[in-house]
Amino acid sequence: MTTSPIGRRALLRGAAALAALPALAACGTGTSRSSSASGGSGAGGGKTVAVRNSGGAYGEALKKAIYDPFTQETGITVQVANLDGAQVLAQIKQGRPQVDLIDNSMMDHAKFVRENALEQLDLDRLKNVKTAQLPENLITEYAVAVNFYAQCMAYRTDAFGGRKPESWADFWDAKAFQGGRSMCNPDADLPELEFALLADGVAMDKLYPLDVDRAFKAMERIRGEVKKFWDSGPLPGMLLTRQEVTMATVWHGRLADLFKQGVPVAAQLNGARRQFQGYAIAKGAPHLDAAYQLFDYSIRPEVQARLAMTYPTNPSSPLAYDKISEEVRNGLAGAPQYYDKGFDADTEWWLKNEEAVTKRWLGWARG
Amino acid sequence: MAATLAGVPARPRRLLASRRTRIGILYALPAVAYLLALFVYPIFSTLLLSVQDLDGSLTLHWYADALTGVNLSVLFTTLRIAAETALFSLVIGFLLANAISRLRPLPAALAMLIVVVPHFISALVRTYGWIIMLGDKGLVNQLLAGLGVPGAPYQLLYNEIGVVIGTTAMMLPYTVLLLYGVMRGVDRRLLAAAASMGAGRLVIFRRVYLPLVAPGLATAGLLSFILALGYYITPALMGGPNQTMIASLINQQVMKQNQWNGAAAEGVILLLLTFAGLLLVKLVSSLGEAKKRSAS
Amino acid sequence: MAEFGVSTPSVGVAGAKPAASTGKALSVVALRKTYGDAVAVDEASMEIAAGEFVTFLGASGSGKTTTLMMIAGFCEPDSGTITVGGRDVTRLAPQKRNLGFVFQQYLLFPHMTVGENVAFPLQLRGVPKEEIRRRVGQTLEMAGLSGFAGRRPRELSGGQQQRVALCRALVYRPPVILMDEPLGALDKKLRDQLQVEIKTIQQELGLTVIYVTHDQEEALVLSDRIAVMRNGRIEQFDTPRELFERPKTAFVADFLGAANFLPGRVEQQSDAHTLVRLDHSGGLLKTRRHDLAAGVAVTVAVQPGRLRVCPPDDGFCTGTVETATYVGSVVRAGVRIDSRDTSRDTSRDTSRDTGRDTGRDTGRDTGRGAPLLRLEVPAGRGPVTGERVGICADPDDVNLFPGEQGR
């Protein structure tokens, strides 16, 4: 980009000033900047690494399952910052990143690559990539995927007289499976064109490149049933709980809470879409060494397994699943018995098309 | 003073020379510096960004983008929802403030707290709360259905009704606080005076009370309109795609697409709309004043 | 201050009773109002004739405003009744009482012009537009405000605003107009001027006015009758002259005239007179008859203007002129009374050593403890400083109150 960093910084402030006028009250999901140093036993004598993650329950789990044991093992203190992608990007552009390691979606990593904001990885320093037997497609020049989440359908088990929706075609069939639907809004995740195509009869391995026109045509058929396009992870669960809808697309990990509460819902992982979360190192990271150490540590199958035991996330290493208790494993979309039912979102395709599809989606959804 | 003799042309200089003016400027300096640093400069840079193409050349196509297609309809939606929010928060805020201003201090403080509380509840909890209240199986609909109201359950969420309920609730603290202040400022004895002359409640309200709080109403209405222009979280929570607000587009562009120029253009448009709102109120109030003048 | 608000008493039975009290513009019977433990108004009763100018006079907090507010309907009495023109209005909303009210703080509507302010009560009564214009013009003209109809209240001086407030209360000719210290916020000169205007208008239009003030001079200038209030009670309700000459209590005597007070005891009663032995001088003072037993401690009150200088042997006491100031046609003199030992009158020394003054009277008290009498005498025969004089008073001008001085 040609805009000078100064111009960029000024804009950030300008946007803030603009927002201050009309958006004063648009409070709510403001970014919280909590920086909590893991209480390490300090053998490393003040060595630290700063990592960005999205916080919340996931952030808690990371600290418990990864950062704290890591500190114990290496003596390196882990500092956490829950920054927005845009904030991290701005810091890197100014040459002063406050984080070394970035825990983010592979899509976002790819966007950072376009901005030349990531360190090219030295895979020799990530020994565990080999030992964890990560699939080839999860290792890129700039980022390595450590876990994934699945987007699938969830339904109320008490809504259809004992029948179970088996496929996206069933989700689309509002006659056989009555009741409101909820699908995701581009604010929350990529538009669910794949599901529409699957419902329309496209084979799972023939999805990409997506036939956008066909997908929107198929989406049109379900438009009237969609009561709410959800824009935050817990919302579909709430809508199912309150019986506002009978079926919704969900982030699979979010269902665990509902099961615990005894809400009569179930997941259908047929045709689930997987998106990967990984690590990358910020360009100009001040603690490069420590960053590599935590990075490598996180890839270890047993560490991935430990995270999965703490938080419903799916390890990227196939070896990790053996180390997870059966009960927990059966609740994971990545468990061997489910894995083949879903597909990986094509990051490359979406990178090229997300903006256009999102815009078209908005036009479509506004009818 | 020699300048006094020079007459009219010397006036500005005379003004500057006066001690009071000089001190006034001195006092104003920090505020001016503050405004320059925090508002004028950033707004100016935003303006600049909004007319810059990716390669740095001047262009208006971000504005063209913002004012066509979906973006334009989002703009209209934003205006419409902001206006509806202003209207409802004004009416409800008026009724609430009026009720609260008649309470004793303690109950008044309590009532105020209740009005303000939604502001401190996280978006997530609020989301759930609204579903429990307004959903198809929510309290309101259950009540209406229980009462046998025809047509129940009503769709009160994920459409414009939901959005306006939500934004109005978010706005109420502002309008209530503002109107409460204005109403407390009204000399109640004026109402007593009107009553002593034989005016009934309605007449007192219409001819004395309302005109006295009218400036507050204008301010509150304008404030809620301007604030609502920038809302997007609540509309996203409570509405559907048809209630997408312009701030939501700005957020998407910056956060998702790292596309600052388009966002800047939309920000500038939002700012201009805000000014237009201000101007409108000014115009209306001065028109009213002029009408009054000519009448008497 | 009383609770203002339009939401005061609920509209009660407003049945116009048969005019049992013809000619009476307003009557108040046993009106009582308490705020918690504090009694603001205590059993106030009075009858006011049409065309009368009545003033509530009293110290701050004596219940004047509260009484007025109850009459106007802005606060509800605990008990008692209020009748306006024979109609019981006790529980009636203020807007149904058809009274005029002029507030101390003017309370002009700031969003209306002067003309609109004055027109407001007429509009409420559905008076035709032309008629409104005429009456507003007329009233403003009477108040000397002809050129001001188009102005906003804030563009007027205090005196002008007060006159507008007056106009607004007068313009619809309410049978009774209540005024709560309407001139309280104005300077002396303006007050004097407006007093005259108010009085003139009242007399010309034959208005019934109830007026509140704590300025006794104002009360005397304006009033047909004055109700002196104290601690929520009406101490005395009479013409200025009666109050002045026949105060019923020491408080009234003091409040109105700054009377001279002297302690004493009843010496002897006759058919027409009561004789009082004064404590300090030991002299005997003759007053008109009061029903008091001999030996009772009393306070004597005489207005300065009713004392005369006479030869030392003729007076009820003697003294030395300490000050003498010429004020136009009269001389204001201060006379220090001779105490008993100096006047060598020892006729009562056995009977009066029970009182609190025992210690003071035993001769050590020379001069400074003795009271100073204030006199106002015609300038012609004015006393001079240092002169020894006797003091006399007409028995009819001397008021007597049981007990020690109620100051």
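The letters A, B and C name the chains in turn, as written, and every chain counts its residues from 1.
Please note the rule applied: contacts are C-beta pairs under 8 Å (C-beta built on N, C-alpha and C of every residue); 3 or more make two chains touch, one makes a residue touch a chain.
Being a predicted model, the structure only gives us computed values, none of them experimental.
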| item | value |
| --- | --- |
| Other chains in touch with both chain B and chain C | none |
| Chain at the geometric heart of the assembly (C-alpha centres) | B |
| Whole-Å gap separating chain B and chain C, where each centre is the average of the chain's CA atoms | 56 |
| Euclidean distance of C-alpha centroids - chain A vs chain B, Å | 36 |
| Cα-centroid distance, chain A relative to chain C, in whole angstrom | 87 |
| Per-residue multi-chain contacts in chain A, two or more chains | none |
| Contact footprint of chain A on chain B as seen in their complex | 38-39, 41-46, 48-49, 52, 54-56, 69-70, 73-74, 119, 122-124, 127-128, 131-132, 135-138, 157-158, 170-171, 174, 226-227, 229-234, 236-237, 240-242, 244, 247-248, 250, 252, 254-260, 263-264, 267-268, 270-271, 274 |
| List of chain C residues in touch with chain B within their complex | 4-7, 72-74, 93-96, 98-101, 103, 105, 107, 109-111, 113, 115-116, 120-121, 124-125, 150, 168-169, 172 |
| Contacting residues of chain B [partner chain C, same complex] | 187-201, 203-204, 207-208, 211-212, 214, 296 |
| Footprint of chain B on chain A - complex, ascending | 1-3, 7-8, 10-11, 13-19, 21-29, 84-86, 89, 111, 115, 180, 185-187, 227-229, 231-232, 234-235, 238-239, 242-244, 354-355, 358-359, 362-363, 365-367 |
